[in-house]
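Can you read through this structure? Questions will come right after.
Residue numbering begins at 1 within each chain, and the chains themselves are lettered A, B, C and D in the order written.
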Amino acid sequence: MTVFAGSVKTDRLWGLILSDVLTGSLGVFAADLTNAFFGWSVMDTLALQLLNGLDKGGAYALIALGLTLIFGTLGVVNFAHGALFMLGAFCAVSVQKLLTISVKVKDESITFFEAYKEVPYLETWFGETGTVIIDYSVPISILLAIPVMLVIGLAMERGLIQRFYKRTHAEQILVTFGLAIVIQELVKANFGANPIPTPAPEIVAGSASIGDWLGLGSAVVYPWWRLIYLAFAAVVILGVFSFLQFTTFGMVVRAGMQDRETVGLLGIDIQRRFSVVFGLAAVVAGLAGVMYTPILPPDYHMGMDFLVLSFVVVVVGGMGSLGGAVAAGFLLGILQSFASMNEVKSILPGIDQIIIYLVAVVILLVRPRGLLGRKGVMEN
Amino acid sequence: MGILQVQDVNKSFGGLKALHNVNLDVEEGAVHAIIGPNGAGKSTLLNCFVGRLKPDTGSVMFDGTSLLGIAPHEINQAGVARVFQTPEIFGDLSLIENVMIPTLAKRDGAYTVNAWGRVDQAAEIRDKAEHILEDVGLAEKREMHANSLSRGDKRRLELAMCLVQEPKLLLLDEPTAGMSRADTNNTIDLLKRIGERGITKIVIEHDMHVVFSLASKISVLAQGTVIAEGAPEDIKGDPRVQEAYLGGAHL
Amino acid sequence: MDEIKKGVSRRGVLKGGTALAAGLAAPTFFMRHAFGADFRNNPGDSSSVTFGFNVPQTGAYADEGADELRAYKLAIKHINGEGDGGLLNTMQPLSLKGDGILGKKAAYVTGDTQTKSDAARASAKRMIEKDGVIMYSGGSSSGVAIAQQSLAQEMGIVFMNGLTHSNDTTGKDKRRYGFRHFFNAYMSGAALGPVLEAEMGKERSAYHLTADYTWGWTQEESIKNTTEGLGWQTANAVKTPLGAGDFSQYITPVLNSGADVLILNHYGKDMINSLTQAVQFGLRDKQVNGKDFQIVVPLYSRLMAQGAGENIKGIFGTTNWNWSLQDAGSQAFVKSFGQEYGFPPSQAAHTCYVQTLLYANACQMAGTFYPPEVIKALEGFEFDGMGNGKTLYRAEDHQCFKDVLVVKGNDNPSSQFDLLEVVQEVPRSQVEYDASIFGGELGPYEA
Amino acid sequence: MMSKITPRNDNVMMGLFAVAVLTMPIWLMPIGASYPDLMQKFAIFGIFAIGFNILFGLTGYLSFGHAAFLGVGSYTAVWSFKLLSMNVLPAVVFAVLVAGAFSFLIGFISLRRSGIYFSILTLAFAQMSYNLAYSVLTPITNGETGLQLAKSDPRVVDALFVEAGAGIPSTNFFGIAMSGYGGFYFCAILLIVGFYLSLRITRSPFGMMLKAIKSNQNRMSYTGLNTRPYALTAFVISGMYAGLAGSLLAVTDPLAGAERMQWTASGEVVLMTILGGVGTLIGPVLGAGIIKYFENIFSAFNESILTSIFSFLPDGLQDVVVSVVGLFVGEGWHLTLGLLFMIIVIYLPGGLVEGAQRIRTYATKKREKKSAASHQPQIAE
């Protein structure tokens, strides 16, 4: 007897993730085949675009995962989710600022204003070690981001979102959008509007010669940090799924996603668990933000830039379906990468501008509830 | 020749056979009750009449035309109205609007844009709607929102919405379920009064009191098959029917 | 009425049709308002004259907008004789006396363009219709600048462009009521040419990534003309969507394209992101065809360079002005700005400040605020001491011609502001061009 | 509660609305909003929001792509100025028709889905339009710069009758210039007409059908009504309103930019409608007015203005007040807007109209109490 119909879907997802992991080695096999026909460069290009797609897909999937968790459990359309992503990124900025609090050595040649060469205290105190610590500010900020984002998520849910469970989606959109603007403006007031560089640690700053590993030639390189991001995305996604799959807490949450009333009738305090889910979603979004900072120097508006896209991903995946969100994230990421290839653009000019939306339209017309959506969720 | 003819209808869901070679012939003007234990396929059968489900095989002919493969609104326009187990009404609208909408649908067809006239000035439609609300005893509540009605009143409203269209065939899916005895009796009276208008009715009902006070003919459905059919008094004594009820999953 | 009573005859219909068509076309007589003695927002006897400063206060360019606003406020102060006088001390020829303009104090109002044409025009209209400004200025994007400039012509109020770099601003979309002090894409290309040749040689293959909108296209066209003139190959020129964020799918094809120079025709966030990511892909450390791979960012700005951090080191580009210049004008400006705000001005601040002064000075010269006269005073005006050497406001297209700075990201900055190192000041003669090559028409003096 | 719906009450409301709209230049004066451009924007976005409300308020379909129709209307109008005539009549007519046709296409596909799936479909179409207009379609849209008039435009109708002047001619309605107050009154009259049409639609049998769609689509089809053409009609009507609004933007200011079609612009009309009150007649107009007021007036406050406003305070306090208030105006006006959204939706879910109703109910109750109290002695007399 299947109490939780969701397990079937998640199984399908495991397979999907597994195949993602395998793609690398499959690529080698496919490379041999294709090279025979097209020569090196086509295969190189395809392999790199696939990696780009997976990387983008990882980012989309991470943001969409939290969004769909909130949809699925709380039934809330959270337009402030992008803001959570942005707050995560600014955790990294804050840590970097903290670590680089500096002794200011005045540049005496400049008289009209104060110009400094900044030497961080950490370096003056610990020398080389200090430099290394500063270098690792992004990974270090993960440690900060988890508790901070959890608290922010819980506070948001308790303070605001819980009042809106029973309200219309339009009202949820308005209030969370308002909240997103407020958060954004506060960040702008503190950090300015310009992007702030937050580089990855020196040791992973360059590119990995994956071409050599895969037998694709040395022209095929890929930044270490992007590979790390991909692996990180996979780990977080697996983590969230394992959490929901193998813990009793997760079981209750999944049951709640299927049928909230019944679970409530069983005497389980589903509400409190849902608050935790919101916190979890905030942490996932925040971590996605932290890890994305070396790729995209964060600015206060980055959440809005991702908001529409992540909604498209969630809906294409199917409302309230975790597996769907992840699958759609990777699908859209990969298609977007391939659509940007010069070969494709020369046939269909401008296709890279609209591919995401085009795919969304096609999928929603072919599959009414997205890739893995359930009937009746958010259709009214 | 009856007004509704159902021939060899089969319908399965996955491996489950919900309807098995169902044949039905409903006489014009009759009150035809379909009874049977839970899960016998009664609602499935009704769903096949209104376009909610499509049978795997078989035919459903109404007044000489097939009801299969045409949209729900076309079936209604052909003269079939239905009352649901859980009332389907326009919850956000007032009672009078709830009844005016089907009146307009009957008068103006499936799609008419009349964006200039005023609902509050449409005297003819309004009178008709008020009249039917009086018939079902809801006239005083006509400006209330339908959502604020009690369950029994919602059913009555839905019935009014069907009646106002003067359908040729009215499908009633458990019209008294969840009603008090007094409400049930009121509803029976109401349905009897409609009977005088000559509307053919198919009633699905659990309450035997209701069935025997209304029906002119009864079909018994069990496990997707019609196991007995006849006048109420014949059905009462039929051992197969008792077997189906007593041996069925119902008890 | 009579027509109707007579009923509809064929002749009547024809007549009516003609009348209708004539009415449709009636337009143009009515709208030319005669200026002469009176003109829109004439300050008349009022003791002050108001300028409108329309800058991005929200959105991606908000920091740049804030810096522009600082410069405007400073300019107002100096015009009114407050503070240390700034460039009034160095500008030549100078008509302003440090007591306002034509005896009136300068005042200002501000607005938010949001870096959107519609919002910018709405804000400008507020300034014109409500606040009665006689001139407005600002901008951080060419589309927005062009939109405001055409409004200026419609309204008969002079618009002094802030930061706008597209050739179109003083090319095909030029207007009599719009003036640009900032340089443009053509000049960037022309100035970079010799430096690129000296630094990278003649045998190069360039790969362009270009923001897919009008500024990006003119930038690409200009720099391509220059590099191809040097004998460089163009491996490919790829358009990228504005605000793409992640550019990886456009960068990877560069890796095996055989190109050894990547030219990023991006500005703002696009520039920061594409440069950061290109460096991450190891392009700066790459060797192709036996040469070091190079990245070029034709339009540089210090504020944007901050966002790209370490990644700008050693990367070539051009800029309109930089605070590290040592001429008297630049020094005077950096001094008053630095003392007022505690940090050096950006090139956006510089151009906005200069524009305000130039307009005020032109009014003083013309002896009136009447726009056609002010415009004539600005047209062909040649000045010096404003930080860019001898500068000409060319009458044919309202474009300033002056030296252009070729810069590169500083390898070893001596302070947090010392991001760009001036490689060469390319003299004005090398970046001049014939006004007719970009077409366009200025339109009439009387709006 | 609202007074009873009768033709007479509606006419009274219409009259009040018309007077309020036409006297805007007077009563907006004290709050600094009585200049033509802003009043034009009030009227234009009022029209946009009214049209949006016909779809969203009545049928419940939440479109996230209505800005596309606004943009299409603008582009059509500017092309009409360029090719035919500077008279606004053909521009407005063509814009409404083209926007109608465009919304028919998009509506026809998008209405195959409901709920959030519908929203995302409309969003996707609008974003595609925006992205393409910004880049590949530049020959038609002039991309980032926006479609502008040029002196060399053919203007075939005008060319038959008038010699070209020295500059670019301006838009006009049979000789009445459409910039400044002329433009405002033109938009205002169309707003009044648009409001009246929406009133009639709301009161009509068709409007009742649309409300039925929002309430229960199943019942609708079992009642013999074909829901999709009804929804599509509403979609096209609201698309035409958007096209009208778009054309008016071009009429009062002949330039059409792609950013008008961006999702933020679609979102803005959603916010206007909810802020004012979804499904109410006057709400969307109010919401549009408030958002445009914030955008244009709040953003213009700067330090020197604030300093002069608070100059009555003692020096130290003045600085504090100015710096605190400064967070919410000028470059911080977004913050105020965000807070406003939150406060309204938390405390007044029905938008401003609900707020007004509450005040009225409160006042009526108070008056009733008072009159009940004052009634006694009267009887005694």
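The criterion applied here is as follows: contacts are C-beta pairs under 8 Å (C-beta built on N, C-alpha and C of every residue); 3 or more make two chains touch, one makes a residue touch a chain.
Computed from a prediction, not measured in an experiment: that's the story for all the values here.
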(message) Going by the touch criterion stated earlier, list every chain that contacts chain B and also contacts chain C.
(response) D
(message) Centre to centre, using CA atoms, which chain is the farthest one from chain C?
(response) B
(request) Please list the single chain whose C-alpha centre lies closest to the global protein C-alpha centre. (result) D
(request) With contacts defined as at the top, give the pair, A-D or C-D, that has more of them. (result) C-D
(request) Using mean C-alpha positions as chain centres, tell me how far chain A is from chain C in Å, no decimals. (result) 37
(request) Mind checking the centre-to-centre distance between chain C and chain D? Centres are C-alpha means, answer in whole Å. (result) 33
(message) From the mean C-alpha coordinate of chain B to that of chain D, what's the distance rounded to whole Å?
(response) 45
(message) Quick check: what residues of chain D touch more than one other chain, meaning two or more?
(response) 131, 134-135, 334
(request) Find every residue in chain C that makes contact with two or more other chains and list them. (result) 62, 66, 212, 239, 241
(request) Would you give the residues of chain A that are in contact with at least 2 other chains, written as numbers and ranges? (result) 353
(message) Please list each pair of chains that are touching.
(response) A-C, A-D, B-D, C-D
(request) Note which residues of chain D are touching chain B in the complex, please. (result) 5-7, 200-201, 203-209, 211-212, 214-216, 218-227, 229-230, 233
(request) Can you check the complex and tell me which residues of chain B touch chain D? (result) 50, 71-73, 76-77, 81-82, 88-93, 97, 100-102, 104-106, 108-122, 125, 161, 165
(message) Quick check on the complex: what are the chain C residues that touch chain A?
(response) 59-63, 66, 212, 236, 238-239, 241, 243, 245-246, 248-250, 252-253, 255-256, 269, 272-273, 276-277, 280-282, 285, 303-304, 306-311, 334-335, 337-339, 341-344, 413-418
(request) Mind listing the chain D positions that touch chain A in their complex? (result) 56, 60, 62, 109, 112-117, 120-121, 123-125, 127-128, 131-132, 134-136, 263, 267, 270-271, 274-275, 278, 327, 332, 334-335, 337-342, 344-346, 349
(message) Under the stated contact criterion, what part of chain A meets chain C in this complex?
(response) 40-41, 44-45, 48-49, 51-53, 55-56, 59, 107, 109-118, 188, 192-197, 199-200, 205-207, 219-223, 225-226, 294-297, 299, 301-302, 305-306, 336-337, 340-342, 345, 352-353
